[in-house]
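In what comes next, subunit A is part of two complexes: it sits with subunit B in the first one and with subunit C in the second one.
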Partner chain A sequence: MNRAKHTLIPTRVQAMAPGMTGGTGALQGGRTIRFQPVNVGRYFVWGLAAVLFAVAPLIFTSGFAVTLLSQMGIFIIFCLSYNVIFGQGGMLSFGHAVYSGLGAFFAIHALNWIGAGTLSLPVALIPLVGGLAGAFFGVLFGYVTTKKSGTPFAMITLGIGELVFACSLMFPGFFGGEGGITTNRVVGEPFLGITFGPQIQVYYLVALWCFASMIAMFAFSHTPLGRISNAVRDNPERVEFIGYNTQRVRYLVLIVSAFFAGVSGGLTAINFEIVSAENVSAVRSGGVLLATFIGGAGFFFGPILGAVVFAFAAIALSEFTKAWQLYLGVFFVLMVMYAPGGLASIILMNLRVAKYGKFRRLLDPYWGLLLTGAAALLGIVAVVELTYFRTLEGFSGSKTTLFGLPVDSASPEVWLTVIVLLVAAAAGFEAMRRRFKREWDVVQEEIEEQVAREVKL
Partner chain B sequence: MTAAQTGAPALQLTDVRKSFGKTEIIRGVNLSIPAGERHAIIGPNGAGKSTLFNLVSGRFPVSTGSIKLDGRETTRLKPFEINRMGLSRSFQVTNIFHRLSVFENIRAATLYSLGYRYSFWHRLASLRDAAERAEEVLQMIGLRSRRDTMAGLLTYAEQRALEIGVTIAGGADVILLDEPTAGMSRSESDAAVELIRRVTKGKTLVMVEHDMSVVFGLADRISVLVYGEVIASDVPSAIRGNAKVQEAYLGTTLENAETAHG
Partner chain C sequence: MTLEFALISLLNGLSYGLLLFMLSSGLTLIFSMMGVLNFAHASFYMLGAYIAYAISTVVGFWPALVLAPLLVGLLGAGVERFGLRKVHKWGHVPELLFTFGLTFIIVELVQMIWGKAAVPYRIPAELEGPMFTLFTTTFPAYRGFMMGVAVAMLVAIWLLLTRTRIGLVIQAALTHPEAVESLGHNVPRVFMLVFGGGSALAGLAGVIGGNAFVTEPAMAAFVGSIIFVVVVVGGMGSLAGAFVASLLIGILQTFAVAVDASLGGLLDGFGVAPAADSALNTILVLKVSQVAPVLPYLLLVLILIFRPKGLMGTREG
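Then we have the complex of A and B:
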């Protein structure tokens, strides 16, 4: 299959990867497109992030929202830690939950020790316990996994993941067996009245750690080791000829990544007050990969978007439908096919179009995409929901509601309507997509020409 | 200690052999290249020139024999260890970091030699020596105007120049260039010769090259490799006149050979 033909967003966007010169994009001089915030801009962005963290629970005040926000923060750390090895280091891991999960287990034991009075540590520092445990297992497992790169590396991580999952069921003393380990986070001396009893206090703890971890990982991507890991991603062979042992680079980078994964695990333990085998499972490892890819592994902020979208889908969507994983799967497939650079690349490419004042021309095609896309989505949702209803709840009769309308899931007319809608909308969407692609390519070409002219000037 | 101080040749190969399975590709090569020399290795396709480079740079292990860099044994060392001892190589097929900018490509190549190694406690932006060295190399290879372009988007000739830039950025004393002008037009290759002359000033250069005008324009000495053996190693004028070379490599007459390989 010709990938370029089917891709909405050209793969070139992936290009604007971490590791492009600190801050400047495709151009130089005053008209530089800045794909990464620089200096003043950078402080502004970090400041904005801090404000967002601070005010988010003041805007979304419901208990559900605060729970959701807490989980998003934890997942952001996890996804960013994954991207340290994946997007920046070129290591596709299928077992990253090992580090967050084991970090979570050590953190929850530490919490219990604090509760029992055998350990004296502020609860706020529990994520550090998780991080150190994660890093420790990074040192241990990474020694084996990073001996290889590419596909063998991916296979070994899969093996390690299964191994740890099996162990978690074999040693109930430490892992708590099927039920997992539970704890009570309200332990130790309250500091300034903070007990971590109320969820909002946990949220702010998560927010603090998340913000600090974001800065730390961003800083890491701008160190010699971080940059060399980009080089190893691009061309491991050449790195050997500029003085670096690629195996050691991969190993060190994995340990750094495992540390932050462990931090997210420690926060998980505090947030849920339970850690079980599920925390080290392949489902978790797959989730972090999915979310990072959806967000855009080629950009530092991509995994943040991915984590937010994924956590929202997993928590909010699962309130409404049993089929949320199916929708997420469809979304993932569509992203891989049409926008392999992830949400981040879609945003940046459109910003670039807007910067060159050509966004107006894409408006019409975008409306076409949006309308046919929405219709196709309705069709997909209708088919999926009706099918789920028939197979899971069909025993209680065939009457159900769809988008608030009463429908009979046994009626052929309903099915016919739904399928016709789906097919028509899908055909319309495909037509719109082609139209969009044509216009998009023309616009991109014009921008490239403009860029080339500016370089010459 | 540099080669000049020890008096040892920059590069010395003693009875180096390399077999892949039953086929012996390099069959007892002896070569001694003094420090500061510009040395070209020529030979017909399949003579083992690239293999020889891969042995010297540690990409492949030798089967038997010994290789010394500035008098120090490098025979069993890994590529990065040999690089740290002061030998750097380029590749025939462009081998750069395509998703990093031109500047980042060069800067990455300076980091180890400047002592930053695996550091995650230095901020790249604060490393003035690395930035200065990178700018200096950019100036030398003529890619200053392309500083922030992603390496994968450069033209072919520019990528070849960057390839050389990445090779020299670490400040190695012995530079191996594998067909630096391959696939270039006449004017591009003339520019490349100038570039090579400029960046290898005061260094030892060993290069594999097919373009005879490049070879005779640059090299102090030429070794002719045929079927894994060095059949002659001498100054260009002597190589031109060497009957054995003309017979075995250049063909029956010099004119024919120059049109065939030039």
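Then we have the complex of A and C:
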């Protein structure tokens, strides 16, 4: 939907004949005329994003919040870089952490060199080192991986990821073995009193790089290369017919993506002051895929949304429960099954319903869905937490707390209550889901009809 | 390298390679039929091991050998029927992602039920001890049993696919699903059967592999990436290729972990010794046994550069 709108704006109008445009002889040289109306909405959204970046740590001032925000910023760059190949280029990669991780390793070595005095570079430019390292490995590995597309591409990236991970444990000199490489980010001359010692200064560095990367990647998606990579995703055969080398397009796009992944890796090195083999592991690669898909790979802002949700789940949720990966996995599978467009598509679909003034009709089913869903979620969480407790900590007694209430994980009454709640809520949810789907389908059909009428007029 | 070492390593490599084939055969069947690379295949292998452990603590190993694969097969069929089939309409990438998400859920469920540490899943008492002694090294009876089960399974699959009616329908549905459907066969049900069958094979591999190695939550991730290498190296969708690649990688890895030689040592033999602190030296001092985990992936990259179809593949993805 988003894409279609952009392609309607002609950005290049080739002047065919001088008479046509009433121009002078200069046009005979094949000058291009650009027609690009000022997109006020776009400037507004970007301005809002900039303001959000600036004021977020002023609203959430606790140390934990600033740490969380910094990691979100880094993860946003990583997810957006992933979406350059996944959502926009149609390449499903299971080894994207290779580029961010190797970028992080080069960045942390660069930081150490600055500390030792062998390299003179402002710390603020360290992410650039990571980006260049990422791009270098993009050139190297991309040559092999982009020979293929589709499922074989996915498998090869998985192989490359495992290869790099195994290598990272083989060369302790560069990768630091199990312990990783540590550094101190407070090195070099302070610039305007900025030492990057306090976390808030690191946050603003992350925010600056994140905002710049967002703009750069958005701009990239509008370049001819970015556009043709959309075409390669949708119909590679046809792209070959109009004279493009799809393999070359995939290769170039991967290098660009690897550069931004490396930038996020460089920021990771500054933020954590430690980089280990975990940074190139399959867990990282899987995480970025999960986050991007949950957010919505089909839209530019989808991965941003996904990164925020995922970072929040990984950091905040893991404080409360050991089973957060299970919840995330279930959430991901449900998204794949019922909303393959991700959170972004859910939001946009609802906005469309609201735009045609039919949201009120969905309100009732939504409430039903929400209430039964919350009850079912409560039941699932209770079962999962109790089971986890019994398996992992049950040896130290059966008393635990659930949602702040003291419960005995060995008592049959507790289990019976929980299971009855779960079954009842699940049944209610299924009924509500069917009702919602009926109403939703009717509304969508009406909107489609209305759109078709408008087009005719 | 003595003859004794070579023979024993070859036998160990064969038994490991056959185990890999039990896994990759199911994966290949599912892939060539449904076009889905089942990411969760190794998770079914893990489930097989854990379920067999749970059953064997109650009724012993032999009932578990039969029951666990059946249970895993049922689970697999359920996953296809209630999960994958719904995703099918979105295309292959969401299908792949669905199975990818499933790996997260299965590993977490296994940790939830059996804990994060390895479980004491042992080989049955009847199969402990040596099978035969080669020069001075003994070959464990259980390894022989593993090879026996794998070969029996291989023959059974081959007979099923080539000699039975359902096998013919499966083969036909691989290439011409529409034609098979219009002949009145229920193709979605055939898909479900193949997915369940492939999962059951993975479960069987888990039952006999879980106690030969370690039954722990990390076992799926450990084997998972190797069997993908096997499938790509052998050629996507080729059963014979998967067989050859499984044995090749099994033998390659078994030999590699046992060899202590390094490139530096080889150069030393020629009287050439690089400076101890040179960057090159970090590569030269690596022993072959240290490089062993990387070898399958290196093979994968080399195959993709020089023979993109895979060893016996017919199509280039």
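Side notes on the structure shown:
The rule is simple: the second predicted complex is superposed on the first by the 419 of 457 C-alpha atoms of A that agree within 3 Å, B and C clash if a C-alpha of one lies under 4 Å from a C-alpha of the other, contacts with A are read in each partner's own complex, and residues count from 1 in each chain.
Note that a contact is a pair of C-beta atoms (placed from the backbone, for glycine too) under 8 Å apart; a residue touches a chain by one contact, two chains touch by 3 or more.
Keep in mind that what you see is a predicted model, and the values were worked out from it rather than measured.
In the superposed model, A:Leu289 lies in contact with subunit C only, and not with subunit B. In the superposition on chain A, contact is made by A:Pro224 with subunit B only, not with subunit C.
In the superposition on chain A, A:Arg233 makes contact with subunit B only, not with subunit C.
After overlaying the two complexes on the shared chain, residue contacts for A:Phe171 are found with subunit C alone; subunit B is out of touch. When both complexes are overlaid on chain A, the residue A:Val249 reaches subunit B alone and has no touch with subunit C. Once the two complexes are laid over each other on the shared chain, residue contacts for A:Phe241 go to subunit B alone; subunit C is not touched. In the superposed model, A:Val455 lies in contact with subunit B only, and not with subunit C.
Residues of subunit B touching subunit A in their complex: 57, 78-80, 83-84, 88-89, 91, 95-101, 103-104, 107-109, 111-113, 116-125, 127, 145, 147-150, 152-153, 166-167, 169-170. Of all residues in subunit A, those touching subunit B in their complex are 14-17, 19-22, 24-28, 32, 219-220, 222-228, 230-231, 233-235, 237-245, 248-249, 252, 256, 455.
Against subunit C, in their complex, subunit A makes its touches with residues 92, 94, 144, 147-156, 158-160, 162-163, 166-167, 170-171, 173, 282, 286, 289-290, 293, 323, 325-326, 328-330, 332-333, 336-337, 340, 384, 387-388, 391-392.
The part of subunit C that touches subunit A in the complex is made up of residues 35, 37, 83, 86-87, 90, 92-94, 96-98, 100-102, 104-105, 108-109, 111-116, 221, 225, 228-229, 231-232, 236, 282, 286, 290-291, 293-294, 297-298, 300-301, 304-305, 308, 316-317.
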